[in-house]
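Both of the next two complexes hold chain A, though its partner changes from chain B to chain C.
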Partner chain A sequence: MIMKKAITILLGIGSVLLLTGIAYAFLVAPIAVDPNTGKEVFHQKILYFHVPVAETSLVSFILAAVFGALFLYKRERKYDFLSLAAVELGFMYGLLVEMTGMMWDKAAWGVWWQWEPRLTTYLILMLMYSGYFVMRSSIGEDSTKARFGAVYAIIAAVNVPLTFFAIRLIPSIHPILFDSSGAGLEGPLLVAFLVSMFGMTFFYVSLLLTRYQMFGVSEELDILKNQIGG
Partner chain B sequence: MSGGRQIGAIVKKDIIAELRTKEMVVSMFLFVLLIMVAFHYGFGTTTDFSPFAGGLIWIAFLFTSLLGLNRSFVHEKDEGCLEGLLLSPVDRPNIFFGKMIGNFIFLTIVEIIAVPLYLVMLNLSIRGSVPMFILAIVLSNIGICVVGTLLSTISINTKMRDMLLPLIYLPISSPILICAVTSTNGIMGGVTGEKFAPVISAMKILAAYDIMFLLVAYALYDFVIGE
Partner chain C sequence: MKDQLPYVVGVYMGIWVVLLGYVFIVNNKLSGLKKELGALSKAVEKKNK
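Our next item is the complex of A and B:
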């Protein structure tokens, strides 16, 4: 019951902050200017959604590995549920990153796809975690599923920084317009960015807890079904 | 038995089994040759391959390594040898190191024959330093075998078995492919000065990859191989 309340509160705060951040970015914050050409860049606004989504998905994959390690250490099913939920959410957020990234590409460079380091890293990440789902679904026993899932989540998380640095070796054709770490943002732009960043984090935690709860409920359901012999 | 002798015994077993059947090295070698012929027809008969020589070599080796990695555990599983290994008083990580070194030896043998053949038949040359070229290949091979052995142990224990390995192994090994291609391309093209910097960073990343995954495998193999 407490969990349910917590989820509702987090979801509420997250949604309000996220919407405020995006509304602020569009209505209040000035349109960013490209320092190289001096032109106004309207498509920069996607940054207020794209970057929070990207960072949340990375955090999610790291969380999946941490919960995986906890599962291997403590052997409690709840950690497997949390790890799986984190991978699922990280994957979903990753798809959003790819989609918004492609929109940026189209607006900035006129093509839907550039082999740009960040997006390419994400593409490989998505392929890596697709393997996670295929692997889990091809295992019969729940305990093996959890064990291999945890191991794979750790392997994949270790691989993320290596992939990122490796892709950086290949010279990028296009300069990166804005430093998306947020360091290049000032004043109202930074406010809008931080507000959506926090909003996204709250939103994410509420989704993670909801998914976690769902696993618990479905397991309870299985136990009840077994009891009545169905 | 000490750790070193346990590993040695497993490697020796794999080599004896391979010497009797010869199926792994021979099939991997034939596969490399077939890919070379496919490249020749795929890219046209008059193409100059030298600008992407590293790419050709590593695509061929990466897919060839898949063949060997799958075999190395299919045998153990089908004949019930894995149970035997697990019942014997051998530390689990030593099973990993034994299998990994075996895979490394077989892949290296195939490459020792295949690299000169690729050079001659696709009209390529190594303009830079040959020891560097060999170092790049060895570093990549270690990475391929560490990750490959770890993941093939996972895949062999699922219902999909060898079907699953490419799906999880190719994305996880993508840093190896990128770094191996960058370094060998640079060395084969004989780049110098400023252009040589990416080659050095690629080799550093390869070394970091090898070390990190050796540690990960050492820590996690207990959980992978079954309880």
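Our next item is the complex of A and C:
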């Protein structure tokens, strides 16, 4: 009951913040200007949702690795559920990143895809995590599935920092936010971004807890089914 | 600005559709599972009596 309340509150706060972020981005934040050409770049509005979704997906994959490590250490089933939920959500957010990223590419660069460091490393990351689901579904026994899943989540997470730092280490046309010179956004642009970022985080946590709760109920159900069957 | 508008709208619409769709599907499935769990719990109680 407490969990349900917490999920509802988190979802509510997340939704309100996301809607506020959108309203602020379109009604208050001015249209950004390209410093090189001096032209207004309306597609920059994509950033207020694209970046929070991207950061959330990367954090989710890191969380999956942390829960995986906790599972290997403590051997408690709840950590496997949390790790699986985090990979699932990270993957769903990742698909959104790819989709919104392609729209950005088309609007900004005139093409749907560029083989530049960020897009390429992110694609590799997504392919790695799609293997996670294939691996899990190919194993029958639950404990082996959980153990292999945890190890896979830890190994795959190595790609997360590579993806994050790719555009900071290799020359790229992908825009960089938050480098050594600052946030890359100022005033209302930064406010709109941060509100969306917090909104997406609250939304994500509510989804993670819902999915986690679902795994728990499924397991209880399986136990009861076995009791009746036995 | 006009040529970039469809992409910006597409991004915002797409993200909302996916996120809200996910919330709807997961919550729907969760309430179904809880109902099934309640019914099975009663069946187990009866069997144990």
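Keep in mind that, in the parts below, the second predicted complex is superposed on the first by the 207 of 230 C-alpha atoms of A that agree within 3 Å, B and C clash if a C-alpha of one lies under 4 Å from a C-alpha of the other, contacts with A are read in each partner's own complex, and residues count from 1 in each chain.
Convention: a contact is a pair of C-beta atoms (placed from the backbone, for glycine too) under 8 Å apart; a residue touches a chain by one contact, two chains touch by 3 or more.
Every value quoted in this text rests on a predicted model; they were computed, and no experiment measured them.
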Partner chain in contact with A:Arg118 - chain B first, chain C second, else both or neither: neither
Touching partner for A:Ala107 - first (chain B), second (chain C), both, neither: second
Touched partner set for A:Gly131, first chain B, second chain C, both or neither: first
Touching partner for A:Leu207 - first (chain B), second (chain C), both, neither: second
Touching both chain C and chain B, counted on chain A across the two superposed complexes: none
Residue ranges of chain A touching chain B (in the complex, touch as defined): 72, 124, 127-128, 130-132, 134-135, 138-140, 144, 147-148, 150-152, 154-156, 158-159, 162-163, 165-167, 169-170
Of all residues in chain B, those that touch chain A in their complex: 147, 150-151, 154-155, 157-160, 164, 167-168, 170-172, 174-175, 178-179, 182, 198, 201-202, 205, 208-209, 212-213, 216, 220, 223-224
Contact footprint of chain A on chain C as seen in their complex: 1, 3-5, 7-8, 10-12, 14-15, 18-19, 22-23, 26-27, 29-30, 33-34, 36-37, 40-41, 43-44, 47
Touch list for chain A against partner chain C, complex: 11, 22, 31, 40-43, 45-46, 49-50, 53, 92, 95-96, 99-100, 103-104, 106-107, 203, 207, 210-211, 213-214, 217-218, 220-221, 224-225, 227-228
